[in-house]
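Two complexes are shown next, each including chain A; its partner changes from chain B in the first to chain C in the second.
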Partner chain A sequence: MSQINKNLFIFFKSILSISFRDIKIQFRNMSYIYSIMIFFIMIILIFIFAIGPDEEQLKVYLIPILWSILILCSCISINNLLKDDYLDGNFGIYQFTGISFELIAISKIFTSWILYQLPILILMPFIAFIIEINETKIFHLIITIAIGSPILTVFTLISSAMMLTNSKNLILGSIIMIPLCIPVIIFSIGAITNDQELFTAQINILLSIFFASLAIGPWVISGCIKIALKN
Partner chain B sequence: MFSFLYNPGKFFIAAEKSHNYIKMTAIYLMIIGILYALVFSPDDYQQGFTVKIMFIHVPAAWLAMFTYALMTIYGILALSFKITFGYIFIKAVAPIGLIFTLMCLITGSIWGKPMWGTWWVWDARLTSVLILGIFYIIIMILNRSFDDIENGEKISTIFVLLGSINLPIIKFSVDWWNTLHQPASISKLASPSIEISLLLPLIVMTIAFKVLFLFLISLRVRAEINIRKQILKE
Partner chain C sequence: MILASNISCKRGNNLIFENLNFKIEDGVATIISGKNGSGKTSLLRILANLLKPKKGDIIWKGKSIYKNIDEYHKELTYIADINCSKENLSVYENMKFWKNLYKSSISNDLFLKLLSNIDLDNYINERVKNLSSGQKRKLELTRLIIEERHTWILDEPFLGLDQHSVSIIGQTISDHLKQKGTVILSSHIPVNITNKTYIDLDLHESN
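What follows is the complex of A and B.
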């Protein structure tokens, strides 16, 4: 029994150390995270200039637009997530540590959610405050983003793992990712804009997608990394 | 006995032997089916002559989904049992599926203009079929955009498996959401809600499309095997 506990301890310690290493590398140079946040705000500005400052129209359109921009922000980080580790040979070293790639994929999901989605989630109440949508809708928006952004992270990691050995067609990663995101955006926008009665039903579907993607995602990601490492 | 289904060499021989038979069967069945559908079957009492579009639209839609299901089965075979014929099959068959999907969408919108009043609605059924077409295009792009061919075909196979979630969505979209597209009227096993004089030509056309599909598969898979032989020789 104590042997199993010790193994579990080593196991969690190794996963956490991998995650902390990734977070440390990104925090040495915060410019990437800042630029994603600035990108988010800039596209909101572009949409506001395009629609015009009319408040009634903004109230209707801005929630779907916020969600679409969230997907775009996940898309631009696709080529940044796993490629560094692949090119400097870290995955080759992980092969010899005895940790399976599924667990490395779980730690990657954790870190890339913290690095690339959490800043936007923190930014969201302020943006919603500026836009002046009513309070229950802000609450619903934050709940759907809190559930939906890990799903987006899993999808970005899947497409970036697929694009590891591809160096000439960089736009392909977002082409793979966007069709997979369609159910997420349908149900999260449905949960916000529909009536109060339908809210829990749509959130339940969103949660089921979340757990399904957490179950299937690491498996697919590790399969793609193994394919990339074969040669 | 069934080894020609997963062995490239045996598939090649079987396809070469049956080439002429399949071609002639497809041509004759097409002629019979089109004559039966256009000339000898009655017009619908509400839709008039436009109901004839159904005889192209429905078989094409079924085949568009059937192609993806076949690709999924071969993808599972290829990834889990290391049967390389699966990769060849997926690469060869994806354009055929794209053509059938486009056929279904185009005939559907031609049929939709007089019946519904619009060429296109963002309806659950129509959108999910459009996404199926996009998936076929992505599979084709993925097969062609890697430096290493082997990586490209493996990754496109993984994408085929991921995208197969779309198939049940297409099938049940008319039941789950309120759509403009009508629910299934043929596959109700007990009592199909389609008149028998319209059902019979539809069945003939479906079989004709299936045989045509077999013919296209045998052509394209043989071409793909030949290309790979050429690469191996060099």
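What follows is the complex of A and C.
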């Protein structure tokens, strides 16, 4: 029994080593994460200036805008998530480790969420507070982003995996990803703007999309990586 | 022992080679030679199952590798012609990552000995991006020892190495062969390996 536990420990250590390495590399290149956060804040400012001084109108449009910017920020990182490991041959050597690409995809989902979505999730309450969204809506916004951002990460990685062999038409990744995000944005904004009863229902739908994407996503990502490797 | 049976390779519209048959024996280094574009890298990638041949089969332990792929992969170390070490990590961090990834039993003392043998011991905490191309290649080749595998597939392993390093890697390959390991490599640089055989792809060139 202890031998099985030891083997399991070594196996998970092996998978986690991929996540920890990716996080370490990105932490040494923090400018990329800062850039995404600054981009996020600047686009909010652009919308605030575009809407003008009408506070009521701002409060109506701001939540859909925040969610749209979140999707745009996810689109930016599409070409950064898997391409390095593909180009420097790391995906090739992962084949010989005995770890399935599905598990590697789960590790990548976890890392990408930590690196690119968590900072925005942390930033969100401050932004919402500064632009005077009421407390209940801030709470709802954070819940929808906490559930919705991992879904966006999965979609981003699917798009990123599909784009591995494509080095020219980089906008294609966003074109693949954005339609997938439509249900997420509908139910997330619906949950925030509707009353409490509908909030629970819409959160349940979001949760079902979350679990479905986590169940299907790793297989799709792994399939795309395998196809890219054989090319 | 690995047997290649009637392998053909097509890249785009070009048939690179066809009906290639050969045998790779344990304890003998198989050196794949040929001019540029003759398909050396493609053949090595086919042997590592990173590329599907247009037709033909690779037989290992009496079975097609495609029917026994997981076991076959666990026997392989593949060193590509590009380095897979991460530029923003140090030499030690890259080696530690490979150790964990391949569940290797190699100790830290052996790490240091290994680095000392290839003159990288002074660079252990240096980031890979600050190393020369030869040093990066030497770091890549430490995977041969770290991964502890039976079959080594090496694509231009001596690229950018000085003569001293070439002879050290040649000696490492010879030691592996003495332990009945399998080595398949392509190289334009002559190397002193005791027991070797050649596959000349120019003789199998398809027109």
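Some notes on this structure:
Please note the rule applied: the second predicted complex is superposed on the first by the 230 of 231 C-alpha atoms of A that agree within 3 Å, B and C clash if a C-alpha of one lies under 4 Å from a C-alpha of the other, contacts with A are read in each partner's own complex, and residues count from 1 in each chain.
As a working rule, a residue touches a chain if its C-beta (ideal position, glycine included) is under 8 Å from a C-beta of that chain, and two chains touch if they have at least 3 such contacts.
The structure displayed is predicted, hence computed values, not measured ones.
After overlaying the two complexes on the shared chain, residue contacts for A:G98 are found with chain C alone; chain B is out of touch. By the document's definition of touching, of the two partners only chain B reaches A:N166; chain C does not. After overlaying the two complexes on the shared chain, residue contacts for A:N80 are found with neither chain B nor chain C. When the shared chain is aligned, no partner comes close enough to touch A:T193: not chain B, not chain C. Applying the stated contact rule after C-alpha superposition, one finds that A:S68 touches neither chain B nor chain C. With both structures placed on the common chain, the touch criterion links A:R21 to chain C but leaves chain B unconnected. Counting contacts by the rule stated earlier, residues 230 of chain A appear in both its interface with chain B and its interface with chain C.
Interface residues of chain A, counted against chain C in their complex, comprise 10-11, 13-14, 17-18, 21, 24-25, 28-29, 88-90, 92-99, 229-230.
Listed in rising order, the residues of chain C touching chain A in the complex are 48-52, 70, 73-74, 76-78, 80, 82-84, 86, 88-89, 93, 97, 100-103, 147, 149.
Contact residues on chain A toward chain B in their complex (touch as defined above): 158, 162, 165-169, 172, 175-176, 179-180, 182, 220, 223-224, 227-228, 230-231.
Within the complex formed with chain A, the chain B residues making contact are 79, 131, 134-135, 138, 141-142, 145-148, 150-151, 154-155, 158-159, 162-163.
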